[in-house]
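Structures are listed in the sections that come next.
One chain, chain A, links the two complexes that follow: it is found with chain B in the first and with chain C in the second.
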Partner chain A sequence: MYEQIAFYLFATLTVILFFITVMSKNVLYAMTSLAAGMVLISGFFFLLGADFLGVVQLIVYVGAVMALYAFAMMFFDATKDIKATHEKPLLVFFLGGMMALVFVVIFSAPVIGANIEAHYPIMEDVGNAQMVGMILFTKYLVPFELAAVMLLVAMIAGIILAGKKMDHSLTTNIEDVKEELLKGKK
Partner chain B sequence: METVLPEVTAVGVIIKAVIILAVISAIAGFGTYIERKVLAFMQRRLGPMHVGPYGLLQLIADGIKLFTKEDIIPAHANKFIFAIAPAITAATAFIALSAVPVFPDFTIPEFIPLLGGTFVPSIASDVNIGILFVLGMMAAGLYGPLLAGMAQANKWGLLGSARTAVQFLSYEVVTGLSILAPIMIVGSLSFVDFNDYQNEHIWLVVYQPVAFVLFLIAGFAETNRTPFDILEHEAEIVSGYATEYSGMRWGMFFIGEYANMITIGVIASVVFLGGYSDFFFIPAWIMIILKVAFFFFFMLWVRAAWPHIRPDQLMWLCWKVLMPLAVVNIIITAVVMMAMA
Partner chain C sequence: MIGVSHYLILSGILFSIGFIGVLRRKNLLMLFFATEVMLNAVNIAFTAIGKYYNDLGGQMFAFFVIAVAASEVAVGLGLLIVLFKKHGSLDLDTIAEMKG
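This part shows the complex of A and B:
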């Protein structure tokens, strides 16, 4: 019974929070509810007994949304509402609604159609992290390594894009400061 | 080594939660007194002396001041976010404490009515991925300063929250990577397994001195303690994210910070320094308190001894020095483990 109460509590809160994320005009509300929703999703993993995935969800999304905040901080005034201009609000509403519907059908059809059984059910005496590791390094080894290579590529690309003047400090270079000061005098 | 413990009941967990809340909040208050005294002695001053003997009642005076101070919310602030930000810091700090072994377990004596015979566990909720959970929760705690700074419509606050993001993105990698090597040796993420392993072998700090130092440095960044307290650095950005806060809301940030210091102390002592097991003739519960107290004192000591560093120095340190060290440490550990196996 406790599990059901917890599930409905988490489910309601998550839906409400993501609704705020989509509907709010204030960037601070939107991102805070996004972060809170992501944290609450980890509750579902804990309820299912997948502790490891729950914690991974927590750690990964806390960090990811924090990076998003950094960008929001640079582009928006967090205490004011953003005036969004929609050219055709009805069309956007229609397309968004249809896409949501399609996603729900795609994900729920196999669940309703076939009685899904877990291929690798949770074993009582094996730890969560061990089980994830076993599956990752045997059955899903190729996708796992592919993901690793993709992340490496993204990292190298990021370093190349950002790192042209990496050893050149923007704030502490004495020569630059002097130049700026001289410019100011003229 | 196998001892059969009594069953953990819901009442026991609730009592434990209440004990953690009460004691850690009190320690947070007392911690300010200790901090001022330790800093004072290290700087050849006396510190608070006037209220009570040796200034001991100073914390009561501080408490009265905090509770009765006017609670100000700036006019242009985002009021809702401004109000809940301190609660995030305090709540996540206590949630993190729920998964670490804080005090020894005990059974309430039978003669006490109602609760007699209840077993109170050492860890409020013994999840078997304890370390990851605690680190994740402490990471979520940084949302407090971040939201506080962004919601208060103040430039110093905004700078403080920008620095929070910088700090988070710097230290988080080091914490995770540094604690990975001990996890590989023990082969578990549970604090209980760490404790048992070190009961049978020697303290992990002997095998993993590099990881220990890296974890401590990252822990200082995690708790915003002095070499890395760039979030609220008074000399640069007034008070950073806490500029507009007053009264109990500011006090909640403080309680969260002290609770996080204790959490880091507990993690460091359980993972690296043998945890809550007997040491020659000293019983286990004294040992864990001694270790945590040492780490608490160590943080104050470092505050007295080291200057602040700049945010770019923190990023440089974390990404160019500590992270490569941590990765090399992991690789060496893995190679040695493979050779030994």
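This part shows the complex of A and C:
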């Protein structure tokens, strides 16, 4: 009963919030609703029994990724409304709906086929975080290390790309400021 | 009773919302937001199917999707900042340099 209430509440709120993210003309509103939607998505993970994944979703998405977006928005003009006018809005919605249908079919085809066996079964008496740790550090050790290297590369790339010419202002031309200062001295 | 189909339909709806965003947005930052929505939808589907088969593989895949998304955001935002410094805008029509 509680599961149903939670599911439908989270589902409607997530759909509404992500719809705002996609439709809003203001970058700030879009980012805020995206962050709220991410929090609610972690609720689905808790409902599905994936406690560790829910916590990771909260820490990584809502904590790290959203903070990164918020900091990056200081570089862009966030107060200005963006224009997003597509020539054929109906075609966009039609393609989006078709995409959803294809997605559901792709994922439900093996469910209907029902010949998949669990390689790493979830044990009842072991906690979720413990279970995840056991599988992650045995069967998925190489992908885990590769992901670590990938995150390091991404961090260095982000620092180099964003840190280049950090001392130059984006909005005011530095040469004009220098000229004004020189004129003031004379 | 909430079954796996509920979660799959929800993730399909969320994925299509993200897809609509990718199709209709002309601002690069908003394209990134739409991509995040799509990635989250796929994560829900992975976890739900993993629960249905009583398998931990779905959760594992969702972890790696989150790791890829985090590094994508780090590199992508760096590139966006460089683009904004170069063009003064993130609009795809003004950024586009190739003719054709």
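One rule holds for everything that comes next: the second predicted complex is superposed on the first by the 110 of 186 C-alpha atoms of A that agree within 3 Å, B and C clash if a C-alpha of one lies under 4 Å from a C-alpha of the other, contacts with A are read in each partner's own complex, and residues count from 1 in each chain.
Basically, a residue touches a chain if its C-beta (ideal position, glycine included) is under 8 Å from a C-beta of that chain, and two chains touch if they have at least 3 such contacts.
This one's a predicted model, so the numbers in the text were calculated from it and none came from an experiment.
In the superposed pair of complexes, A:48 makes contact with chain C only, with no contact to chain B.
When the shared chain is aligned, no partner comes close enough to touch A:90: not chain B, not chain C. Of the two partner chains, chain C is the only one touched by A:21; chain B is not.
Chain A is touched at more residues by one of its partners, and among chain B and chain C that partner is C. By the touch criterion defined above, A:181 lies against neither chain B nor chain C after alignment on the C-alpha atoms of chain A.
Of the two partner chains placed by the overlay, only chain C lies in contact with A:147; chain B stays clear of it. Once chain A of one complex is fitted onto chain A of the other, the partner contacts of A:162 are limited to chain C, with no touch recorded for chain B.
In the superposition on chain A, contact is made by A:69 with both chain B and chain C. Chain A uses residues 52, 56, 69, 73 to touch chain B in one structure and chain C in the other. In the complex of the two chains, the chain B residues touching chain A come out as 76-78, 80-81, 127-129, 132-133, 135-137, 139-140, 142-143, 146-147, 150-151, 153, 158, 161-162, 165, 168-169, 172, 176, 188-189, 312. Across the interface of their complex, chain A is touched by residues 1-2, 4-21, 23-27, 29-30, 32-34, 36-37, 40, 43-45, 47-57, 59-60, 62-64, 66-75, 77-82, 84-85, 88, 90-91 of chain C. Against chain C, the residues of chain A that register as touching in their complex are 3-4, 7, 11, 14-15, 18-19, 21-22, 27, 30-31, 34, 37-38, 41, 44-45, 47-50, 52-53, 56-57, 60-61, 64-65, 68-69, 72-73, 75-76, 82-86, 89, 92-93, 95-97, 99-101, 103-104, 107-108, 111, 116-122, 131-132, 135-136, 140, 143, 147, 150-151, 153-155, 157-162, 164-165, 168, 170.
Those residues of chain A whose C-beta lies close enough to touch chain B in the complex are 26, 28-29, 32, 35, 39, 51-52, 55-56, 58-59, 62-63, 66-67, 69-70, 73, 78-79, 127-129, 169, 171-172.
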